Amino acid sequence: MKTVLCYGDSLTWGYNAETLDRHAFADRWPSVLAKALGPDVTVIAEGLNGRTTAYDDHLADCDRNGARILPTILHSHDPLDLVILFLGANDMKPAICGTAFGAVQGMERLVELTRHHAWSFGDRDGPEILIVSPPQLCETANTAFAAMFAGGVEQSAMLATLYADLADELGCGFFDAGSVAKTTPLDGVHLDAANTRAVGKGLEPVARMMLGL
Amino acid sequence: MKTVLCYGDSLTWGYNAETLDRHAFADRWPSVLAKALGPDVTVIAEGLNGRTTAYDDHLADCDRNGARILPTILHSHDPLDLVILFLGANDMKPAICGTAFGAVQGMERLVELTRHHAWSFGDRDGPEILIVSPPQLCETANTAFAAMFAGGVEQSAMLATLYADLADELGCGFFDAGSVAKTTPLDGVHLDAANTRAVGKGLEPVARMMLGL
Amino acid sequence: MKTVLCYGDSLTWGYNAETLDRHAFADRWPSVLAKALGPDVTVIAEGLNGRTTAYDDHLADCDRNGARILPTILHSHDPLDLVILFLGANDMKPAICGTAFGAVQGMERLVELTRHHAWSFGDRDGPEILIVSPPQLCETANTAFAAMFAGGVEQSAMLATLYADLADELGCGFFDAGSVAKTTPLDGVHLDAANTRAVGKGLEPVARMMLGL
Amino acid sequence: MKTVLCYGDSLTWGYNAETLDRHAFADRWPSVLAKALGPDVTVIAEGLNGRTTAYDDHLADCDRNGARILPTILHSHDPLDLVILFLGANDMKPAICGTAFGAVQGMERLVELTRHHAWSFGDRDGPEILIVSPPQLCETANTAFAAMFAGGVEQSAMLATLYADLADELGCGFFDAGSVAKTTPLDGVHLDAANTRAVGKGLEPVARMMLGL
Amino acid sequence: MKTVLCYGDSLTWGYNAETLDRHAFADRWPSVLAKALGPDVTVIAEGLNGRTTAYDDHLADCDRNGARILPTILHSHDPLDLVILFLGANDMKPAICGTAFGAVQGMERLVELTRHHAWSFGDRDGPEILIVSPPQLCETANTAFAAMFAGGVEQSAMLATLYADLADELGCGFFDAGSVAKTTPLDGVHLDAANTRAVGKGLEPVARMMLGL
Amino acid sequence: MKTVLCYGDSLTWGYNAETLDRHAFADRWPSVLAKALGPDVTVIAEGLNGRTTAYDDHLADCDRNGARILPTILHSHDPLDLVILFLGANDMKPAICGTAFGAVQGMERLVELTRHHAWSFGDRDGPEILIVSPPQLCETANTAFAAMFAGGVEQSAMLATLYADLADELGCGFFDAGSVAKTTPLDGVHLDAANTRAVGKGLEPVARMMLGL
């Protein structure tokens, strides 16, 4: 049995910009990936609305700083074979960070945390790490989201290249979700059901390869 | 699709006192429960070694205070139909709390947190809550565990009655894991594979009833 | 006996930009409101210099994040009939947040915290909530304040409309302090004694109505 | 105008062990003290159920550690002429601290925090400090409280002497609430209305003297 | 024996922008200062890469907020005769603070913390405080540093004047490291060995004077 | 140049139970060790009064939890060749932990933190680690210390054996300070000047060996 942790934000949780609710279980990308990888792989969906890479955000009834929660999640699902880090969209909010460069630094911290994690059973190798860049934000008529993500269309356009370089430098896998999915103009950030499923399908080959399947 | 969150400690994670590793996926009680409930119910396993109800423990590379992490986990898996709170064994450590009474107070706080949680989508009913008392600790020749849980055999013997009363008072479901499983004398706290499976089987009827299945 | 909590910042504390001290007790708006409402209403003044809605600020010997302290204050003064949330001016500092939109999000979190608060005595209704927008910042020759609140004149001009919409959406009361008071050009942010008193007088009718008096 | 801060726990909040609710406003000791001191003194009631001197307690929806919250409260009510520290009863819970000696250390920390506080307006003298020891706990048939405060009857008997010595050493005022009030056997910890009022009356002379009235 | 605490960031730690390693012990400015002051003065080097004055930065495996760590460091090295606060360069990062004005506020908080510190042995005078402004940032071809410190060349140019004013206002000593050292164009922020040594030499006279030597 | 970090508590700081002040610089064990190891070794003294291994203590104006501060200290003094962990005495306070077993668990966490630390320059080997057990506490007529360390004489007697086993298990060096020094009956915990110096001398051979000198 191999285990994959999908550590992400609302794109992983499955926020539906049309219904303001959650996509159906089968439409969320971790479910699609799980089905594609088959019964010998456990895929754990850990998506939190609003999660950042390593920045505080006290606007919700939970801890949205991805770096503060990751060690606990790593322990809960230990042993892990692959950790997929699909974060950065919320870093585009100017009130959080506002720059692609900042998201890259946060992503680097998450990789560092995973690599240096004090696993309960010390003699295992740590998991492989796959960095996923979110699809570029797009223009939206939703004024609340446009305000919340001011400047995000330009900044998020840089994420894929910067994340790819980081993955290269750190020896991680890389996948550009923007290569298979587009954000919805309904709010400029999220994915509709078809695009969510596309991410799961797109991730299958790289996940398979990194799991040695 | 119904969703069940299993929020627990090493008894939920599946710590194997014989191999000092994790029980096979199929032997862990959330897996057994998932199989029993069938494909229309998603069962989320959220067991962390050393997790307490509401007490700090800074001895590991993660946050073991169940009350500090629960809100984040509730958000990640929202919407939920049933939350199973299976905690209290680690509260038996004198360095953490050391009394059954303290575990009851911590469990009460977890119910309160769930009931007052600020769900993202406000107009849904919150989940049902099922309180599970861990099986009584037993004597062990493992001196490290005997020291770490000094007094735990006596204190844990009171948990089932106290948790049952609490569940009654708060309108929660209750299940005594000690009615179907026994702790192993290897360390006095954990469950072997057969006993872990027994918990999953034992929980099926009450989970089914609480889910309206 | 009815109880009103005035949860605010230096505008509630009574910072006097002329003397760099505190306004006389009788000039602070909570005192004026208390007098107006009469002896059957207890008015609690909880104004902290520098308090934000939900953002960290580590520049003082106290916790200025309004969202972190509010639950403790709610418990201390429980039972409450009306909570007046008069915050947002400090959110205008670019180092804190810098946008009216951010202040609105912070205010929304404070309402959420109040609505979901785990009151000690669970069967009471929670308090009514009145959102108060601070008067627009004005130009000042005070260079330290001008630097600290760069851009605040423009951003704060939007607060009243945005807060009114939020109050509407969340079923809260709303009062625009800018309708009765003006900030002093001495520092561009604070209120002189006459304007402070005006806020208390202005709040009387809406407080009375919300208290059912 | 002189200002007195009453920083305390449920004995200051006014917990009524008979009705499990709050004593009437007029029966709480800060109200009695306020009335006795007259209109030229503002008396601020800051009592939080469960507040400790300097120990964490994560069982409620607020921060019960008196040392973590005090600096914020000192700022909110600055300038202060007298701070009354009436804490220690909750330190008697074994899960919190459990010893009179520990309460004394916590009280010493609160005095230190007040003395070293970075007041907003630096050139004022800090407030006088009055340490108040809670009345001795008594035996109770309430099993929950008896368990929660196990050993408290003996330990709390030492508080008055130890607090008196501490006050002497630190140059603070001292008042033994046990000299005018007795805890109720209903739960062994709290004060009925008559005893609450007695504390307010008892405090008047020492408060008057310390305020130079 | 006199004791000097050097509380700083990578400029104090001795980051070498050429080798991406640490300058030799003898080249770091605290070592140079120690040698210059002679064997009767203990000089403690407390430089942390990335340390800010009073702002959070969760991108590293440590606490970079200078205000949160300073009290612990003050206790560890008590009694102190002189505290040198050489911080502000990391405040120039827009993701941290981004303005000279913000660095000044952070520096003011550090002075306040030192002045109000609750020393273990209360009857000593506190240490003298010397504020040191970092040399102005310069243009660099290093794109990562240029992005991380966007706007820093202009903002850091204001630091010396603003820190000098603050030192004057607070009764602290002041030294402009930019009067003896220049940042390297390799990354625009750090000092080469010669410039690091120059800071130590430049500080000798002012340290000597403040120590009464 | 080799670097040694001495991470400890009041025994490392040099608390003098006779004068209630700090031992002279030359009498503290890190100074003695530094002199013995010669000019090619930098010895960093990082002793904080009241520091625990991994337990919270909110009674002072600093963070006494050794596990929370260690990562910051490791970064400040990176690169390190040897880390000496000389803690555990304060864990003997019942209000902190109260058992030798708990101190061992805390010490294990400190070793884990050091081994898993995310050093700034990743390709170096981490430092060697030397665990030092404090000398056994002794009976004292000092009632405050006797109360604060109730049970400590018995518990601390077990520390040397338990720490030796831990060091063996984790591949660390071990030194029993009790083999060369005795605690003073003045308070039952601390070391007089002669005993402090003895610790430094006693540590020289093991430090030399671990440093490969």
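First chain written, first letter: the chains are A, B, C, D, E and F, and each begins at residue 1.
We adopt the following convention: a contact is a pair of C-beta atoms (placed from the backbone, for glycine too) under 8 Å apart; a residue touches a chain by one contact, two chains touch by 3 or more.
Every value quoted in this text rests on a predicted model; they were computed, and no experiment measured them.
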item: Contact-graph separation of chain A and chain F, given in steps at minimum; value: 1
item: Touching both chain B and chain D (chains); value: C, F
item: Most distant chain from chain D, judged by the mean position of its C-alpha atoms; value: A
item: Between the pairs E-F and B-C, the one where more C-beta pairs touch; value: E-F
item: Chain D and chain F: spacing of chain centres that average the CA atoms, whole Å; value: 37
item: Separation of chain D from chain E, taking each centre as the mean of its C-alpha atoms, in whole Å; value: 42
item: Where chain B and chain E are represented by their mean Cα positions, the distance between them in whole Å; value: 49
item: Geometric centre distance via CA averages, chain B-chain A, whole Å; value: 28
item: Shared interface positions of chain B, touching two or more other chains; value: 56, 60-61, 112-113, 116-118
item: Inter-chain touch pairs (all); value: A-B, A-C, A-E, A-F, B-C, B-D, B-F, C-D, C-E, D-E, D-F, E-F
item: Contact set on chain F toward chain A in their complex; value: 112-113, 115-118
item: Of all residues in chain F, those that touch chain B in their complex; value: 54-56, 65, 67-68, 97-99, 101-102, 105-106, 108-109, 112-113, 116
item: Chain C-touching residues of chain D, taken from the complex the two chains share; value: 1, 13, 20-22, 24-25, 42, 46-49, 60-63, 69, 71-72, 74-76, 78-79, 117-118, 120-121
item: Complex contact set, residues of chain B against chain F; value: 56, 58-61, 94-95, 144, 147-148
